[in-house]
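What follows is one structure encoded as structure tokens, with my remarks underneath.
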Amino acid sequence: MKKDNSQFIELIKNQKSNFPLDQSFYTDPNIYRNDLETFFYNQWIFIGHESQIKNIGDYFLFEVGHESIIVIKDKNQKINCFFNVCRHRGSQICLEKKGKVKKLVCPYHAWSYDLSGDLISARMMNDEFEKKDWGLNKCKSKIFEGLIFVNLSDDPDDFKEFINPIKKFIELHGLNRAKVAFKKTYPTDGNWKLTLDNFHECYHCLPAHPEYCHVHSKDYIQAYGAGNNTGPESIEFSKKLSLWNKKTEKLGYLTGEYSDTNFSNFFRSAERTPFDSDRLSETKDGKPGSILMGQFKEFDGGYTTVGTSPFNSFIMSNDFATIFTFIPRGPLKTDVEIMWLVHEDAEEGKDYDLNKLIWMWDKTTIADKKIIENNQKGVMSKKYVPGPLSEMEIGLEKLKKWYLKHLEIKLKNTI
Amino acid sequence: MKKDNSQFIELIKNQKSNFPLDQSFYTDPNIYRNDLETFFYNQWIFIGHESQIKNIGDYFLFEVGHESIIVIKDKNQKINCFFNVCRHRGSQICLEKKGKVKKLVCPYHAWSYDLSGDLISARMMNDEFEKKDWGLNKCKSKIFEGLIFVNLSDDPDDFKEFINPIKKFIELHGLNRAKVAFKKTYPTDGNWKLTLDNFHECYHCLPAHPEYCHVHSKDYIQAYGAGNNTGPESIEFSKKLSLWNKKTEKLGYLTGEYSDTNFSNFFRSAERTPFDSDRLSETKDGKPGSILMGQFKEFDGGYTTVGTSPFNSFIMSNDFATIFTFIPRGPLKTDVEIMWLVHEDAEEGKDYDLNKLIWMWDKTTIADKKIIENNQKGVMSKKYVPGPLSEMEIGLEKLKKWYLKHLEIKLKNTI
Amino acid sequence: MKKDNSQFIELIKNQKSNFPLDQSFYTDPNIYRNDLETFFYNQWIFIGHESQIKNIGDYFLFEVGHESIIVIKDKNQKINCFFNVCRHRGSQICLEKKGKVKKLVCPYHAWSYDLSGDLISARMMNDEFEKKDWGLNKCKSKIFEGLIFVNLSDDPDDFKEFINPIKKFIELHGLNRAKVAFKKTYPTDGNWKLTLDNFHECYHCLPAHPEYCHVHSKDYIQAYGAGNNTGPESIEFSKKLSLWNKKTEKLGYLTGEYSDTNFSNFFRSAERTPFDSDRLSETKDGKPGSILMGQFKEFDGGYTTVGTSPFNSFIMSNDFATIFTFIPRGPLKTDVEIMWLVHEDAEEGKDYDLNKLIWMWDKTTIADKKIIENNQKGVMSKKYVPGPLSEMEIGLEKLKKWYLKHLEIKLKNTI
């Protein structure tokens, strides 16, 4: 990237307002490598729930690009995140996706680390060798409401500053008392930005997502389908929202919305909105999908969506949460991972039916995978030129502006 | 390519007469990308027959490199070719290899185009948006004698100028009243030029193609196996040809030959030649393969070969036609596609036996695939240096000269 | 590499003593290509045994990178090595991994070479063509004690100078009267240097190789596990060795050791060492694996290891030999090939049990494959930095120094 900075800055400047990005942003391997460093490795990313590693020594791996992170519970019940790289000759230490260990022993030469990452044994080293200098490399992490966030940067943004404006929207749902009901990965042959473009507009929902349109009303989709302030106002829905806000405030639950308006390192949004008619949850028939979670004593007929960064979205009914993680896997590959959370006391078969819980987002994400892959194929053509965006693609435009501005700042700083 | 122009021009100049090309021409990804742009995307390419899309809304896709072309019949029975790229965000519109549609609806956001490519519907666009500005990108195309030709260039050569000298050789066979009896693709792990080298000499026919040598006589193979003026004269065959020409002219059918002698954008050749002994058609036993086509009222004992460009060859008996299309798929990959055409009234089982029809070229092309793949492996060696060409490899030398001269002109124009 | 020479020399200088190499040496495709040219193509490599091609016309292929070498016995019982590239248009000539031929006939245009590589027939060439100028390209080769060595360089090191210091260690074992009992390839997803690092230290033997530790004693592993002068002295083993040397010299067999101490083109080592207790051979139970070979009239309780270059190791009990060949296949791919040799008169089932013969090195090499692959994954991380080597990794450090010095000299010579 170094030599091409001026060309690259020129390219950034040539991107037109209210049009998607040029081809190279969706295809170029150099831009991809730069993206990974500038965006994914610099954001606070939700990667799992503490219920996945309940006991001392329980661990799972989180993998992105060439990085593998060990997420493990230590003797003080603290969750640590380590780069899965032995300090001796660099072997990976944990080879299974998840497991339980007493200590972290490298399978190559048996260098051993305790669950806090300190090197506790290394045979046959010379006298100058000091074990204390060779502990595992930590990856910055924070646990918030049971949610495990990591930041692969050596100098991450302050977590409190990051979580503050969206905190209450998450706290409402009591995810610290949740468990993982189901996890599924949807490998998608598309650039990460093309994949996120899809998630930041609901213009395609009507033609492409019958299940989503069964659950959500047309007026909601128009105005809020891709989050607050991403589509044209719907008078009808504004009325519904205003009525529901009053009713819900009386019940004592949170209402309202947030989105970043000033440019910053963060790209966050959140809102609480009502379902239509008598619907209680994001299920096919609108009936509860599981038992109530968090602060809810009764169903309030609404639901909460939170985007913590471009790489995570939390979509929460009163009784279950659907969490998306978008993981770049290559210039033309992105994994969409979904985790469904329910109350820790909920029992499958009795309190919830897994098929009903996952129905809408599973069907919708399978459809999105196909849509994105067709989009990627077309974008590779020499005849692809960005076309005009509709009034329902404001979310995509916002994401693009945030992305381009970040790139520009970074490039100017590295000249 | 820009910076390396002088090196590249030097490389072109270093190619020796009567030797094949240097290694890099058969292996280098940069030369390949340049080739695609300079040659395949600039030639008139036969891609299918109008009988494949008889009814309004019938379409098939033609794919090469990152390009996908929709070939479709519109309401006025006109065949249109469109780049398969929605003008909105670039999604592919047609996802199946062939089908039938009422209009072209993008599966992403439902932008809809009529069969002439005009945008007829796009929801939620702002007031400035003009549908007439956002029709599908057309790919230049011409229908000649039922044959669909496309040219992916924005500024293609004049079709009439292109087809003129080879016109009558094709018209003789009545392909406008033909249908596709069979289609088969032979994916070949070889550079497109190495694949075409094979097709432009018949020096290998004797050791490698028993089926071809069963059908065609040794004297023909020597002088005409790779087309007119590509091998040393055979006195024996010249006599046969002269006798047959007289006899055939009496019957009222075309005789003669053509090949480009002055350098131009085109690389064309054509000729009519006799079979040996009592042979009537290019079948194993020499008996007819199907019913007569075109101008033929009886079998004239001859056959016609036409090369319209390096990427297509038409080999036509009186009763069926075998058409080759060579499609580059990567620096080391080429698809050889063969289409067998018979009279539109011919019935399989009654008028023709498919196995007999395809026997020779199917066997021969399977053998060529193996030969080319072995050649490619050897050409990758550091010890590969071009060796001297035989007297039967003049066709290959002609193709090489045409190729190099085009490259040189193009490079000089882009300095 | 040309433009980056100064950067590359800087990188070489930055490598720290007693630490493994930086990431790029294990991952960079450009460094890999340079490595292949500088190292593998410049060393004398053992590639097979003459018993594999006993009769006139018998051949096998040796393949590395884009090169394929025909190893064939000619009419004078001489073994010749040819690049498998026809001098005409470059096709491979031999397509099967092994076989028997009367002459070498190119399957493309039937150019024919005799078993000495001379062109004996080429049809239809013009008058200036001289067959004598177009013989097959020879690859330098030597047969020593039945072992076939090739050197892909055009200007190879003198073979006698190469083999001299390790000659007697090999001659002891009578490999000229051996046959191949078994051959197996272990494809390993690791850079060739990471693969060789593993083979040049026995620090990992204790945690990773129970079979090896069953056969070999702890004191041997410490001091000699990766060859002489690669680990800290073991007083206990030095005593055993000294006693065994005396006893063995009385029996009249070779003892002693060799390793290159001055920097040269060669990286060789050899030693004879005793087994523990009553063990006679490198088998599970220590009992003979086959009948005695070479100069041995009785079992002397010792065994011989010889490294002829980084790419070959010979590990020889009195009754069988295990020979390793390490073949780079790509920046992140290496084939480990093992050949087990026994006396030519030994009969399977009667004189040897194949499972017992291969037991230790088969299990150990399968384990090494996994270890190396985990190491490669970790080395790809941005957090990989070389760590301090132990006292048992001196062999790896030696190999690294030899490698870096060669690179530096080569780069300085090509400025």
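Labels for the chains are A, B and C, by order of writing; each one numbers its residues from 1.
The rule we apply is simple: contacts are C-beta pairs under 8 Å (C-beta built on N, C-alpha and C of every residue); 3 or more make two chains touch, one makes a residue touch a chain.
Just so it is clear, the model here is predicted, and its values are computed rather than measured.
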* Asked: Minimal path length between subunit B and subunit C through chains that touch?
  -> 1
* Determine whether subunit A and subunit C, two copies of the same sequence, contact each other through the same residue numbers or different ones, counting it as same when over half of the numbers at the interface appear on both sides. => different
* Structure fact -> Chain centres from averaged Cα atoms put subunit A and subunit C apart, in whole Å, by 49
* Contacts with 2+ other chains: residues of subunit A -> none
* **Interfacial residue positions of subunit B with respect to subunit C in the complex** => 20, 197, 203-204, 206-208, 232, 371, 374-375, 377-384, 386-388, 390-392
* **subunit B contact footprint on subunit C (complex, rising order)** => 66-68, 83-93, 95, 107-110, 122-126, 129, 134, 137
